[in-house]
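Naming follows writing order (A, B, C and D), and every chain is counted from residue 1.
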């Protein structure tokens, strides 16, 4: 479309992929040129991940051609793709938690000595890669012991090992916070300048604008077009992606009415000195009805751990909790649920989805579990409930009988949200609920959270995206080094203020 | 045609039909059912009766497998059940009284339930891996059964008890009526309540289920208890069949048969989605296969080889890979099927296509 | 988050001060084993003697080899139920061919190779046809047992001179004895350890067990690894059969019934998770020794009736598993 | 009596030797796979008591040769006076028997023989002759029914087990030349339940079975159930011949449901005690002591049943 300075290193034309009866991709083109960062944009379920998987040989396209370096190819799988210089970080973290960080980075390109693995060199090289990504973790530690964000960074490290001509990053930033993202972008730019072609998927528009040179937009499995980033204003991009204008987004801007809570009411949930050894330091926290409390902090600051203590996912070993003034013991998730507390884990794959069940079953799971097995929900009621959430959250495909594992990442997240909303909780703890969710849906979810709060629900909201936290929280608790360090009013808080607190008074 | 081929019960049923055909060829009167002494008689009826204990054990096994577990101890539980019941009857002064028999049955079932609960305790509370947890009882259970019978085969004469094994009810074998009845009730309960879904959720993703408020531990506990109870019932049927409690041989290797039945029926051992109707067909296939060996006249020397070949054939035909091939072949002309190596690397086809 | 310069320093200092959590189950098994030896030693005379410990290895050499192979398969998240039968097949092949006058140099590779071929068939069924490992290897179990009967239903004594001299080779130092079987088993253990920890294949075995799909997306050779794991197990079963044939100097079609359960139990007691991805060959060896020790205790106990034998085995197994479990939980 | 071999002075104090008048005997049993075996074990345990001058060390090998070898090794280490065992398999004992020999411990085999080229490795074998048992059964059948064109089915023991192989061989050789014909043969694994299922299969398949030869009583008893369920009369419509003569079988014989039983005597305790005493005293013993197995028809069974011990 524009000046053809360099020939594309990857050229996909007329790609179609079918999952009968769904046609996930329909005649899509993609051109990746060396030395560019190319964003792949589209709503949840638009077909971004599928396109990537078609390239790397996981799905076989029914139509279309793929050329790499001008040669027509069909890769037999990720190994083959990698051997031809195409490295990929897939959407869900796909590493082996049982292996060490070093192995996860180096396996496949491991240094050898006397025909066997050279462990020391492996750790050393892995450390170099980690360092480049700004990660200071022990390469000999096991990957599973690290948080999801760290794992995501490790996955990126792995992709950059060896000589890669093409680097594909499917939503690499979804669980990273600003510092990590900045670091990642530095690395990406460095690679680009070395002539690597980078394909980048993200639902964060500002990130896309910050880092990408060119973008390809998909909608419903079809190609909308290829654009030069600098020439495409945000609202046009959104319009291309969702096929509507962006008033939804604007609506979300003013959703939260930050009316102060009436003085003297008892908190819905009150934690006093709650803590757990090796997890979060004892903290106090009060949550009131109709209030959204945001948790802010750096990666690894302990937000998730705090949330888990509040919801019985982990058992606290210090402190008390009171629910509506009465002492309450949150020993198991079930006990918390019976008190009306719901928790969506940040680890969608590991602790969220039951991927072998259908959308319908996943949505009713929480509600049904609470009713007990002997009182099945009437089928009619289930169908209505499921249909209403599919509609309300825009879950796609809108088929209650679809297996959850066949849904796109963002849609799986919506299903999880529906599962918890269906239980009509009094306190909803959302850990990264908008991870991997497209702009439109994200705005919907923010609006939903605000509406729920307005109806009297109490919400704890965790997000790696600070603006989001600022935008919808009445109050913000700030964590640093697994300790609650401050609590500020959401209404008056500014970004800088919070960033200062997070970083520890600007000391960094 | 394609739909029929793709149905999860297609291959198990096909195997069953093939076996029946083989039997009929070897012995033309095989499928004939006659009425004799006011009840039905014939090879198919025999098969129903011999399926009964296996069906019960496989039923419990299916539920256990759904939660990602496995129960190796069922064979030993079968032995314990028979030993308890028959020892009680044998030691009572009045073996023909229904009270004695009912007490014996009650005692045996209660003990088996306790054994099941024990397994459940090891698995769900102590967190011991199911295969090892149940291996403990698999070894010790037979010892307990032998302790009860003193290592001898305990035989009794008790008309009410004999009914369980060789009695007839409405022309059908009591054992079969009982087993298929229990099976139907359990299948109904599991599928009509939310139990099935909760079990599947526990089996597929225990962590997610826990966070969703599913009482996974209680469920796990329950299925092992149920497996114990059903195995106990099977033990009663087996001992009533010969009116003897053989602590060494009763239910020997029935756990393998049961697991095989579950798998032939299309339930994955990795847990999650389960399929009770498949288990039913699987149990029938195995019972028929055993009968086939005799009727077709396979020499004992090659019997294991023959069994192996049948199992290999059924599982290969039923394998996701073969199904894919077959459905692909029926769906579209060969020319457009994707090139060979591509589908080999399809990561999500492991289970998606399995059902 | 930190600058790179100071990041280096602490890393260099990161000598594992605490025990890595992954080793806990193995250490647990080891501690229990040691405890059992101490308890046994105080209870029975001559219990902790070189002779008893040497015998522990000599009697279980074949099981050690089976457990090594089984460890590979279980690490990939699979299971191999056929090893007992394959072991029997290997003994029968060895005995029958030696009886027919074939030279050991030909017979030995053939017997081991039979296991390899069956293992390969398992691997192909499991990977390419996606038959569940439990079923594929169960079929293999019937198959191998069936072949045994077809070859020779009755037991065959081995009296071929060079084979017998190989089988009866014993080295004695002090009270310790080392048979050729034990030597081979130890070599297999060493090889298993090296392969698992110092080759790409070995690490891929762990990766596949940690998550097959992840391993695939990481671009690792999943297919080859899975198939090879079954080949390793089959080969080990074949070799185990050879060791058993050396140990018993005969071949018999009913050998090794339910031995697969012993092998699996040993592996699991040794700290390997059946879900795959975690475990160590050395743990499996400890597992075998635990089982052997249980048997030794039974013989030392002297007069247990048949049923009490079974019950005591069950109870000892329970104690081992429970104590190991508690030990490995405690330290987390 | 027990200081020798490569073993360093192994536990002489536990055994006490024969000099104190008590004989320490280590016995390794195959397992406890059947009622017959249980009776065998009981006979040994009841005979080799302290009162009779024995200290019995007993172990159950759970049908595993390796356990049995281990047990024997352990008896050697413990320095018992005599080792006795019923081998799981016939072959593969040379090495361990050699060890016992060089430790100076005499070995007695019971129930099953070993297949060894070196007969000096054991002192004596006490047991039944399985081939003979099969022959006795076959001879009776020929004697009774030859000339009537009998069609027989055979319920075999566990495939590969020595008694199954030998009994089959004996029976077949005995009926050779007669017009009794084995039309079908299948394994029932020595158990009632499988005996019953296999018999059901035979009945489905053949309309004209005249005789069942079962390798043990249990399978025969299972066959009776199947025959009755098919509406026929066992012992009349279909004749039944079995081996073992356990109590249940004898009862069935008395009831006329079985026609003939060849005994396989499990009560080896007294013989074993006697031989062990002789061996320890250094007396010569016979290399092979075949226990006298009787055979019972209905009349004989009626007589024997009341005093039957097992």
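Everything that follows uses one rule, which is that contacts are C-beta pairs under 8 Å (C-beta built on N, C-alpha and C of every residue); 3 or more make two chains touch, one makes a residue touch a chain.
Remember, predicted model here, so these are calculated numbers, not experimental data.
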Contact-richer chain pair (by C-beta pairs counted) among A-C and B-C: B-C
Intercentroid distance (Cα basis), chain C paired with chain A, Å: 43
Rounded Å distance between chain B and chain C, as computed from the means of their C-alpha atoms: 30
Cα-centroid distance, chain C relative to chain D, in whole angstrom: 34
Chain D: positions in contact with at least two other chains: 32, 38, 41, 159
Shared interface positions of chain C, touching two or more other chains: 149, 153, 213, 216-217, 305-307, 309-310
Touching two or more other chains - residue numbers and ranges from chain B: 146, 151, 300-301, 303, 344-345, 347-348
Overall pattern in which the protein chains touch one another (line/ring/star/complete/other): other
Residues of chain A that touch chain B when the two form their complex: 57-60, 62, 74, 76-78, 313, 332-334, 337, 343, 345, 350-357, 361, 364-366, 368-377, 403, 405-406, 419, 423
Chain B residues touching chain A - in the complex, by the definition given at the top: 192-195, 197-198, 200-201, 204-205, 207-215, 219, 272-273, 336, 338-339, 341-348, 351-352
Residue numbers on chain C that touch chain D, as the complex places them: 45-46, 49, 51-52, 55, 59-60, 62, 95, 148-149, 153-159, 167-168, 172, 175, 244, 247-255, 257, 295-296, 298-300, 302-307, 309-310
List of chain B residues in touch with chain C within their complex: 72, 122, 126-129, 131-133, 135-147, 151, 247, 256, 259-260, 263, 268-270, 300-309, 311-312, 315-316, 319-322, 344-345, 347-350, 354
Residue ranges of chain C touching chain B (in the complex, touch as defined): 125, 128-132, 134-136, 138-143, 145-147, 149-150, 153, 212-213, 216-217, 223, 261, 264-265, 268-269, 273-274, 305-315, 317-318, 321-322, 325
